[in-house]
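Each of the next two complexes has subunit A plus one more chain, namely subunit B in the first and subunit C in the second.
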Partner chain A sequence: MSKANKNDNSRRNFLQKLGIAGASAVAGSALLLQGCNNSNKASGNKVKVLTADNKLVEVDVAHLQPGDKIKDLEYLQDRGREGIPGKKFVMVVDLAKCKNARKCMKACQSAHQLKPEMHHINVLEMDDPVRHTSYYMPKPCQHCDNPPCVSVCPVDATFKRQDGIVLIDNERCIGCRFCVAACPYSARSFNWTEPKDAEEFAEVTYDMELNVPQKKGTVTKCAFSADRLRVGKLPYCVSACPNGVYYFGDANEDLVTNGTTKKTVRLSALLDENAAYTLMPELGTKPSVYYLPPRQSKG
Partner chain B sequence: MKNYKHYRLIILFCLCFLAVANVNAQSDWQLTAKENESLSPFLFDDDMILEGKISYENSCTSCHGMPGQADYTPMAPSPGDPASDQFQLQSDGALFHKIKTGRGTMPKFEDVFADDETWNLVAFIRSFNENYKQPVPDLGGIEIPEYSMKLAFDENIDKLVVKVFAKELPQSDVSVSAFVKGSFGKYLIGKAQTDELGIAYVDVDPTLPGDAEGKLDIMVKVTKGYGLAKMNANMIMAKPTVRKSAIEGRHIWSNDKNAPIWLKVSFFITIFGVWLVLFFIVIGLRGINKANKEEE
Partner chain C sequence: MNDTITKENLNDDQIDQDLLKNVNWGNKFKLWLAFLSVSLIICLYFYYQQLQHGLGVTGLHDYVSWGIYISNFVFFVATSLIGMLISSVLGLMNVHWVKPLARIAELVAVAFAIVAGLIIITDMGRPDRLLNVFMHGRVQSPIVWDIAVIVTYVAISVLLLYIPLLPDIALCRDKLKNVPKWQQKMYKILALGWSGKTRQFKIMNNYTRILLILIIPIALSIHTVTSWLFAMTLRSGWDSPIFGPYFVSGAFVAGCAAVIITMFFFQRNFKLQKYITTDHFDRMGKLLVLVALVYVYFNINEIIVPGYKANTADAKHVDEMLYGHESLMFWLVQLGGLVIPFLLILFKPMRKPLPLTLISIVVLAGAWFKRVLIVVPTQLSPYYPIQNVPEKWNHYSPTVPEIAITLASFILVLIIMTVLAKLFPVISIWEVKEEMNHNKELA
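Let's look at the complex of A and B:
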């Protein structure tokens, strides 16, 4: 009896939903049609515009609509996968200059909608067993040229781009955390809870280059501020550093720019002259982040 | 108890002193006429503004905040926002000497910045004033020359050749600096002075990577006194380099999009082959079963 009732209910519900959907479809198409009619009214003011195939055409002002590409998810997704041609981004971290100001971490967390306990870049205090001192080491994602995280992702959510940046598409991420386990640098973190200011970002279109809005149940990590690189700006952490720790640039140009002093130097010379090293080279991950060793303390 | 009274008196005295000092500090900040009228020996340009910005961020932001945002520290006397009229209505010389000498809580920066660095700061502060036009001293009838230049690259000696003209006459003793325009900043290739023929040679490192043709985006700046000219060029002067994509070719982490067709085809043939064999066996077994039943 109760089972029959339930069935009946679900059928009724189904019919009701069908009705609502049908009504809204009719209403929606009516609205759309109306919109089309409105836009067909010419104002008489003509402007000349250049089309994508380089033709000059005259269009009525009333037919023009603001291009809102930046709010178009599909456009952002394609752009994020494509990357910036001809570039190979690298970072150089001068450990001798890091004084644990942690401005990089703050700038990063506010840009990427991260809670204080979540890090895309983390400044760690390292023990130097030889000199019996400690030094500070900022550790972002290493953007490996042979990324273990990308090989293990079962859904192609994390991927490497032509400009060397490893990104996450949280529209695809299923939250399996294989990549978190695979990363030897512990560069990835997981959104166990609703991210910071979730309501504020609810309406924002997802941009994988910024990885905002963050989504509960997905993995997040440093993106080398790919959104800033696109407009020719240095990453958030690099420009926030007050101590000149970070150099950032393009390995193809062999030039890196210091985020604090804005001085541009040759990458190869900087690495050679300062005995640069990468983290865990024995794993063959080929990181894009280089470290210059901390200065010998005379104490 | 007596001692306690003493302390109170001392504290009261100190407070009075501070109040007087404060009133003193708020009176006009007087400079001599000569100081007020002094002018920058350099023409403010983007490089000076950038240098000034770096110095400003390191030494001034803690009290004055970022210009234009009025986020200065609330102190008495107020440090003020350098983009405000309170600052912008002052002469260049006044700003320069006030930074240099300091007063009260404003530190003296004479020992911190060299004169040219202080002028960088003034240039930075002035960059927030759209109506500002840099006053230039009376040069006694001498005109500020308008420089033009011609660029060439001599690949035999790996030198950038810059010839500087003013009114079509070659100019000597002009400072020439050449930069490569990188993604995030300008890399200084070298500096040189023009000779009596108006030609300067700048050494170029032949190992600098260019694009596929060996072209580099460069910027050449020539200065002499208040005369200044800049020129951008895209010239063949470096090692041709092929810019490879970081995902080109096959890797252990490549996805199936990068897999070659022969691999995809052989993979699917193998899979279908295995299935075909399985079906063949199942159908055969069914046939045997049927035949068996018919016999019975």
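Let's look at the complex of A and C:
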């Protein structure tokens, strides 16, 4: 089945699920076409949809456009598990530039429907034992190449994709929190109660690349903004930083782009020249996030 | 040579009468059951709240995401292991004195193992998705191993309780004429047409023997796998290669204590002094000393080895235990719940039924808190600092609903044990008779 075909099908399923399109699929597509033709005539049935720039809007079913970002859950689930072929995403965090602006944390929390105490990325104040000062260290999920969280999950709800991203399927997660216990970087957070603005998101189709809507009783964590990567954009945190802390890119191409300056540099050179390191390499988790030490860097 | 059953000459009828006495529905029992049921319902109300509002009703948070539910689960699995030690290991070694205690040990095993399975469900964020474990189960995950072995252990333990019970069920069927109709019917069905033929005994003994052997590796694996839930992670305090044997040895301590307490209540309530004798308590006390000694040895290993290597994260964890935040609980548990009881039981007067039971209660409580000490403090010292979260996430204290739900598990165990003890004789009648006749022949 071609992608376009699948898309079309998904819309039909979506409408059927809402119980608007009647019993047959034919009727479903008829309604859809009708809706496209006279977009002025409202049917009175409203649905909430997520637009391409991630705003939640309410539209009349009759006004649904083929380009709207409503898709079938099954399609999103398949796509989310498969990943983006040929890519190996990496992040480089230049600690020397971090001034604790916390714009990354804010952008992340609002994109992912998180409460203030829930962090996909957390800027920590760390002690520098050598110079007796402290420095700020943003800590997202490390997207380990040997992820302990994935090994322990009993239901394959958290998994590693071909492009290196570790995701969560909160439609499958049973909430055992074994992954929380297993992650040595404390990168995971749990929906202990009803998520923020749960009602507003009640009818949004779940996209595991964004991990929204959040669900009570399931785990959440940084997804490297897989939904943004899919449309060729940089992650939320990376583009939000005013201080040029983050580089993001593809290790296969050996290129990373700075989220603030938009300058693209060679990954290997950046790492070599700045004595990059990963967090707790001795654990053997093989992180995909590199850190440049907290000193004035040449980059 | 066998002085655990009193020398007093008991004839078969007398034995039947004594040991079937507990199978009835007296008022005292009804009151007790009503009390338990009401308490259970109150506790279940809190579980309903948890289902409604999520695990947020507990004291758990992102840093201590496993709390007393998981500790309690480990405790229950531990306690249930005693069935294997008493009826299987000692039984197969032909240790005569434990024979009358085997059924009590199996009762404890079955009740605790079943409830352990339920406790794990109360800890799930999405219990409605339980079936996912069967639909999407991944063999790499220790949780899947745990579920598999626990289910097997419950099944074999139930069989081990049931099969040797056959002759006694038949006895109930034949002798108990004034019990309710449904109960008579139940005996008839459960007795599977038992008529006491030699051939039947032979089959029964064969099956029991196979099960007794089978249960040893299964029991060892349930607790070893449970310990792996922790040991397989990279956290200091959990990441330990001796966690398996450490857990198993601790399990026997908790289990022995639970059996002693149960023995005491059965003996007093059902007037079984002739069958569960002071000598039984004395020997169980000695068994407790033995298993506690092994456990102390493992405890020393767990503390000294990481404590000696002074610069690792493990050492920080040990420090925290010995002198830090957890030290009060740590020393109470280690000294009050293990070392002091152990020293006391070395003295014979302390192995009399009442003192031994009291000591066992302390040991059991210590064993419970010990599990909390294994589960919680490790999570409070993660590799990266706890920041930008509410202050209370630096600690963990269970909430009322959490405690109530945990209490529910104990109430459920009591309900299972009392109901079973009211339906069936708690001491194997046919084995006691066999033992008697055997002794007479020797005399």
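Just so we're on the same page, the second predicted complex is superposed on the first by the 225 of 299 C-alpha atoms of A that agree within 3 Å, B and C clash if a C-alpha of one lies under 4 Å from a C-alpha of the other, contacts with A are read in each partner's own complex, and residues count from 1 in each chain.
Criterion: a contact is a pair of C-beta atoms (placed from the backbone, for glycine too) under 8 Å apart; a residue touches a chain by one contact, two chains touch by 3 or more.
What you see is a predicted model, and the numbers here were worked out from it, not measured in a lab.
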{"item": "Joint occupancy of subunit A by subunit B and subunit C, clash or fit", "value": "fit"}
{"item": "Touched partner set for A:255, first subunit B, second subunit C, both or neither", "value": "first"}
{"item": "First (subunit B), second (subunit C), both or neither touched by A:263", "value": "first"}
{"item": "Partner chain(s) touched by A:125 [first = subunit B, second = subunit C, both, neither]", "value": "second"}
{"item": "First, second, both or neither for A:155, with subunit B first and subunit C second", "value": "second"}
{"item": "Contacts of A:188 with subunit B and subunit C, given as first, second, both or neither", "value": "second"}
{"item": "Partner chain in contact with A:134 - subunit B first, subunit C second, else both or neither", "value": "neither"}
{"item": "Which of subunit B and subunit C A:100 touches, first, second, both or neither", "value": "neither"}
{"item": "Subunit B versus subunit C - smallest C-alpha distance in the overlay, whole Å", "value": "5"}
{"item": "Where subunit A meets both subunit C and subunit B, residue numbers", "value": "148, 151, 156"}
{"item": "Subunit B - residues contacting subunit A, complex", "value": "50, 54, 57-58, 180, 182-188, 205, 207-209, 211, 241, 243, 245-248, 251-253, 255"}
{"item": "Subunit C residues within the subunit A interface of the complex", "value": "53-56, 58, 60-63, 65-66, 123-127, 129-130, 132-133, 135-138, 140-144, 147, 229-230, 232-235, 379, 382-390, 393"}
{"item": "Subunit B contact footprint on subunit A (complex, rising order)", "value": "85-88, 145-148, 150-151, 156, 159-164, 229, 232-234, 242, 248-250, 252-255, 257, 260-266, 268"}
{"item": "Contacting residues of subunit A [partner subunit C, same complex]", "value": "105, 117-119, 122-126, 139, 148, 151-157, 172-178, 180-182, 184-186, 188-194, 216-219, 280, 283, 285"}
